[in-house]
Amino acid sequence: MENNVLLEIKDLQVQYVTERGTGNALNGLTLTIHKGESLGLVGETGAGKTTAALSVLNLLPKPAGRIIGGEILYNGKSVQKMSNKELMDIRGKKISMIFQNPLTSLNPVFTIGEQISMVIRKHEKCTHRQADEKTKQLLEEVGIPGSRLHDYPSQFSGGMRQRVGIAAGIALNPELLIADEPTTALDVTIQAQILELMKKLKTQYDTSLLMITHNLGIISELCENVAVIYGGRIIEHGPVKDVFGTPLHPYTAGLLGAIPSLEGKKERLHAIPGKIAGATNLPAGCAFHPRCEMCIEKCKSQVPPMATVRPGHNVACFVKAEGK
Amino acid sequence: MPNVMRFILKRLGMTLVILFCVSIIAFGLIRIAPGNPAMLVLPDGAPEEAIRAMEVKLGLDQPLPVQYFRYIGGVLKGDLGTSIIYKIPVKDLIFQRLPVTFQLTVITMVVCLLISIPLGIIAGSRQGTIIDFSATMFALLGQSMSTVWMGILVIYIFSVKLGWLPSMGYGTWQNFVLPAITLGYPVAAQVTRMGRSGMIDVLKEDYITATYAKGIGKAVVYTKYAFKNALIPIVTIVGMQIGTYLAGAVVVETIFAWPGFGQLIFQAVGTRDYPLVQSCLLVSAALFAIVNMFVDILNSFIDPRITLH
Amino acid sequence: MKKLKMALAAFLAGLVLVGCTTGGATSIASSAAGGTTPPPASTGTGGEKTVINLALSENITKLDPHDIFNFPVFTACWMMYDTLIATDHEGNYSAGLATEWSKSEDGLTWTFKLREGVKFQNGEDFDSADVVTTFQRLIDTPELTCALTYWPYLESVTAVDQYTAEVKLSEPFGPAEYAFSNTWIIPNEAWDAEGEKLWTEQKAVGTGPWQLDEWVDGQYTHFTKYEDSWDIYETTLTDVYLRHILEPSTAINGQLSGEIDAYLSTGGVARDMLPMYTGTEDKTEMVNVDVGIFHYLQFQCRDGSVFANEKVREAFSLALDRQALVDYVLGAGSVPNGIFPEGSLGFDSSVPAYEYDLEKAKSLLAEAGYNGEAFTIYTHTGIPMGKQLLTAIQDMLTQAGFNAKIEAVEVSALNNIRKEGTYDVFLASNNYVSGDPYAHINQRILSDNHHSNYQDPAMMQIIEDSNKAVDTADREALLKELNAKMRETYAPQITTDQMQACYPINYGVTGLQLYKDGYINARYVNWDPALVK
Amino acid sequence: MDKKILFSRMLKSKFFMVGAVLVLLIVLLSVFSPFIVQFDPVTNSLKDRLISPEYFASGLSGHVFGTDDLGRDIFSRLLLGSRYSLFIAAAVVLVAAFIGTILGAVSGYFGGVTDMIIMRLCDIMMAIPNLVLAIAVMAILGPNIFNLIIVLIVTSWVQYCKVTRNNVMVVKNAEFVKASQVLGAKKTHIMFRQIFPNVTTQLIILISQQFGWTILTEASLSFLSLGVQPPTPSWGNMIADGRNYLITNPWMVFAPGIALMITVLAFNFLGDGLRDVLDPKKI
């Protein structure tokens, strides 16, 4: 497994400077994605999921956001140290991204065809016509008639626009596809369609997938592994069935408890007490400790390290790691 | 495109209604003004009988509604009336002056857009740099320059002190330079500012991040993908300015002795040349409406979200 | 992107369309639209000067020689037209298109022997039919400026034979020669064929040495040489441009850069602007002419008005430091001694200039019982130096205890104010064409067309008598009497100054006639390279 | 918005600070000008005409910028002129903003026929170029300060009307307004308590920008002899009077020209600064 690591994020720290103060969006995020792996990154709003995704492509909003520590290695090469040219060659071709809100992530004044074919033309030597041909195929593939190539985003519904986003994402068969909450902004029925589409494409294209979401259902449908993020750090990481079956971290457990299950027994839904740790007022020690029922004294001052509890299943929690 | 045609027809219809109102306003305004054109075509101190006779000759003795309908009837038949002072058809006078102003406006606009659009885009995409600061200062200064002061200043510098350019008249390309600078700087300033702030706003958009994520470089993003979005408010404002300049460059035309349309209106108001004033206001309102119609059509091509209706 | 380009193209095409449709409408339009009429270089390529550019400070609005007179129209008319009697504008008359003329005993019938072999610029021969056409037009159209100003008693005109014409008046008319010298002769065939189109479509033709090529409103009037003129003279010049430039600094800069050969501003160039010519002493000569252009103030003398009281008017006049106005505001000129400036008919050198005595003004005001009643002095924006003069005058009046406000309005608005007689005082300027004050005293004092409401039967009688005095010496005596009367009563007008005009003319330009009444005749303009320093 | 953030934004915005300080300085200077000027700005003394500037060689008691063609102290006229220019601008902007806002609010809030009538009125006003309209109206009313103010109001209320209307239309459909309507709040209450506070930001920015525009237009009209009448100084007519003395006495033009530029610049700075400070979108 070690030698086919595709993307490695090591102790990544990202800071946002705004007039309301300085916020630490990521505080030592460590994550590895292997070739062909599909990894789910799960966490609540504000946990740093999108920041992590943007960091990978070195697309943090400037000048507010910056990486203050750690490293992102793509195929062993540091993304931060890459030249602009190298970055541009990777973006869209090797690593591509599907954005959260299809209403804002498509340029309203260009046709959808242009917005797909621009990535093709950028990375492949081809004529406009060839690019358009390929774009048509891609559109058909994501369920949009190719004839709508010349239509503008405003002429499409949200779900259709996300299909456009996906088409652009898979256009060049990238090694890694980062999907940042691709269904959040959509209606439930549309969500299901998009998910079906992604599933279909995932089997069709042999692409690694980083699926960022707060929807655990999506992860269990699409991913092999899952990482749980809280307060800008990974707190639990492992195969989906392990993590969801026997969650270790109290936060993960809480997350799972917060999902109503149709099949399971009728038990009371557990809500996690307290508010999510914000980037500007991150608690010392374990970020989760003010909300944690199992909190011990150590949690308030020291950051718990990642510990392997069983093969492939790691957790960052003093209590659970010791309890093993 | 039938859509465009329908829009043009509809807009022209609306323009006609507005022009009708403008014609009433122009007719009323100039007649409320104290003064009598009959007195100006006669020698200073002419006897009252002569003035009265002249009024009859000019039809000014008729009741106002009769005068109005006579005038508007003529306009509908394409006759803009005959100037009281010049005694030649108003149409000829306007067609003589308009191209002069038109040339100045077009040249000014082309040059000032060639400068200000790139400047605004560069400033907006390099927020906080020295280029941005300079462009912002250039823009703020331009918007603070009175045309009067600016005109005299450029004459002082380029004509009087340096002797490079003529300070007056109309004819050669040199004659265009100073009026164009004076007329164009405030617009260039405005466009630079709009370009800059438009660019800043656009660059924050998700779709620009998405474009970067596709591997598109900054240069292409600035000049193509973000540019088009930032262009929309600029087109609108430029259209407004063209419309304004076609009629309202009175100050610049006065300072540079430029025999344009603005001067004609100014003189016509001064001499109470009723038919001339009325028709000049009508023509300028019509030009304004037509230019704005083009702008709306152009904008609808740039931004598909704008529907023509 | 393709659509954007299409849209842009459509937009530009639209603009061009607008430009084109506005471009080709009339002949005057096309030349303006083409934009290819640079001011011709003043010096021809062969070293010989063929084109001359004369800057005038006013626009002309049409070239009808019988209607609308301002200074440039006169200049333009002299280029191309002739009158029966010519004048030097100082009261001397000589042969024009008429070689001899005579008047009947009663002064009612004027007979002219016409010059033979004269050709109009359209090839038409000049004869008595043209004289008939000209005067018949004035009889038929009494609202023409020429008819209104010069011909109150015009009765008939007849052709005695081909080269003899007779003009009959209904009343004896003192200033008849003056009137004839200001009535330009138009060609009868062209008039019959074209009528008003002669002026509205720029088909005007005369008998002078220069013919009209083109008048572009607001820009220039262009004349070319008419070789077959009876009055042709030796010159290398082939083209004369009268350039209408309203902004003084603009015209001066034009002369400095060589685009203008002489700047013939109405009333001359403002003295304060002359320093702009510093350093061009070897190129441009400052020609000073004492012109009969003067400023005057007219009082509202209606009962109840502040200025109905003679003492207030006198105090007003005494409060004006006219020397200061001349020295500091105008920069040159002279203090007048009445309504007739030096050089005009009626000027009386024995009368002393207006007096300045602030103390006397104050005591007169006190005597008159003036209690600081506010009044407004109007002027209009077209009066040369009007605003500056008024500002200075206001201050002088304040020192004497007057409560004066000033307002410079548009000429139309002032016309209205004068028509209604709703002014207290207004400032205006005037000049006497050919030095004859006939029009001024008749229209503004006798007919009181500006409604001063001043009543003085004796004064009015003098004017009426002067009109009928066929003998010039008699007229002169009567006008002097009128002047004395006006000086005595300070009514209805007092004058403030007589201007001295300064015309910057480049060395080498000759033949310009700078008349003492402020008019400029460029008919014999010429170029003498020997004079260039 | 949080007052603390507002304040810190104010301090941080260079434009705002420079603009505010300059505007304050100019206003103070013009308010206290009677205590500063040493010469009567209106009375002339013809013998002292066209004195060259002494700058501050003899302090304020000399002719700082020299004298004009009628012997009046340019510096004194400049300061007195600032009072007229600022007063006119303030009067115009406030009244025009008042009229425009009311009409705009009514138009946006009630919609329908009212909206249509008001908007057509705006269209007609906008169809005639501002300066041309001003020239025509000035010809009717005759040139004096009061009429000048009226003309400038007539030509500028449309902007406020349009901005207010558009904002009101947006806010009108906002949920909190809908909620008040459902709760049965009175229309006037909704209009003034709920909608109005939400359009003030835009208005404040527009007002500060229009201030500069008004000063410039006043100068243009005065330049064309259609504005402030002599002997009352305004920057516009000072420039007009001085242009013939550009070579002999350039300060006659330079002093009012530069003053005009700095003042408008100050207001533009302020306007830009305010936009930054009040921008709700800013993080």
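Letters A, B, C and D name the chains as they come in the text, with residue numbers starting at 1 for each one.
Rule of thumb we're sticking to: a contact is a pair of C-beta atoms (placed from the backbone, for glycine too) under 8 Å apart; a residue touches a chain by one contact, two chains touch by 3 or more.
If you're wondering where the values come from, they're calculated on a predicted model, not measured in any experiment.
Ranking every chain by how far its Cα centroid lies from the centroid of subunit A, the top place goes to C. Chain nearest the geometric middle of the protein is B, using mean C-alpha positions.
Of the two interfaces, B-D and B-C, the higher number of touching C-beta pairs belongs to B-C.
The distance from the centre of subunit A to the centre of subunit C, each centre being the mean of the chain's C-alpha atoms, comes to 87 Å. Rounded to a whole number, the gap between the C-alpha centres of subunit B and subunit D is 22 angstrom. With centres taken as mean Cα positions, subunit C sits 36 Å from subunit B.
In this assembly, the C-alpha centroid of subunit A lies 53 Å from the C-alpha centroid of subunit B.
The multi-chain contact residues of subunit B, meaning those touching 2 or more other chains, are 33-35, 155, 160, 228, 254-255, 270, 302. Shared interface positions of subunit C, i.e. residues touching 2 or more other chains, are given as 1, 249, 276, 381, 410, 412-413. Along subunit D, residues 139, 142, 243, 246-247 each make contact with two or more other chains. Considering their complex, residues 54, 57, 59, 61, 63, 84, 88-93, 96-97, 99, 101, 104-110, 115, 118-119, 122-123, 152, 154-155, 165, 168 of subunit A touch subunit B. Those residues of subunit B that touch subunit A in the shared complex are 128, 204-217, 225, 228-229, 232, 302-305.
Interface residues of subunit D facing subunit C in the complex, by the touch rule stated above, are 43-44, 46-47, 49-50, 69-71, 139, 142-144, 225, 229-231, 241, 243-248.
Residues 120, 123-124, 126-132, 135-137, 139-140, 142, 212, 215-216, 219-220, 223-224, 235-236, 239-240, 243, 246-247, 250, 253, 256-257, 260-262, 264-265, 268-269, 272 of subunit D touch subunit B in their complex. Looking at the complex, you find that subunit C touches subunit B at residues 1, 3-4, 6-8, 10-11, 14-15, 18-19, 22-23, 25-26, 28-29, 32-33, 35-39, 59, 61-62, 64, 67-69, 142-143, 145, 148-149, 196, 199-201, 216-219, 243, 245-247, 249-251, 253-254, 256-257, 259, 276, 381, 410-413, 415-417, 419, 439-440, 443-444, 447, 449-450.
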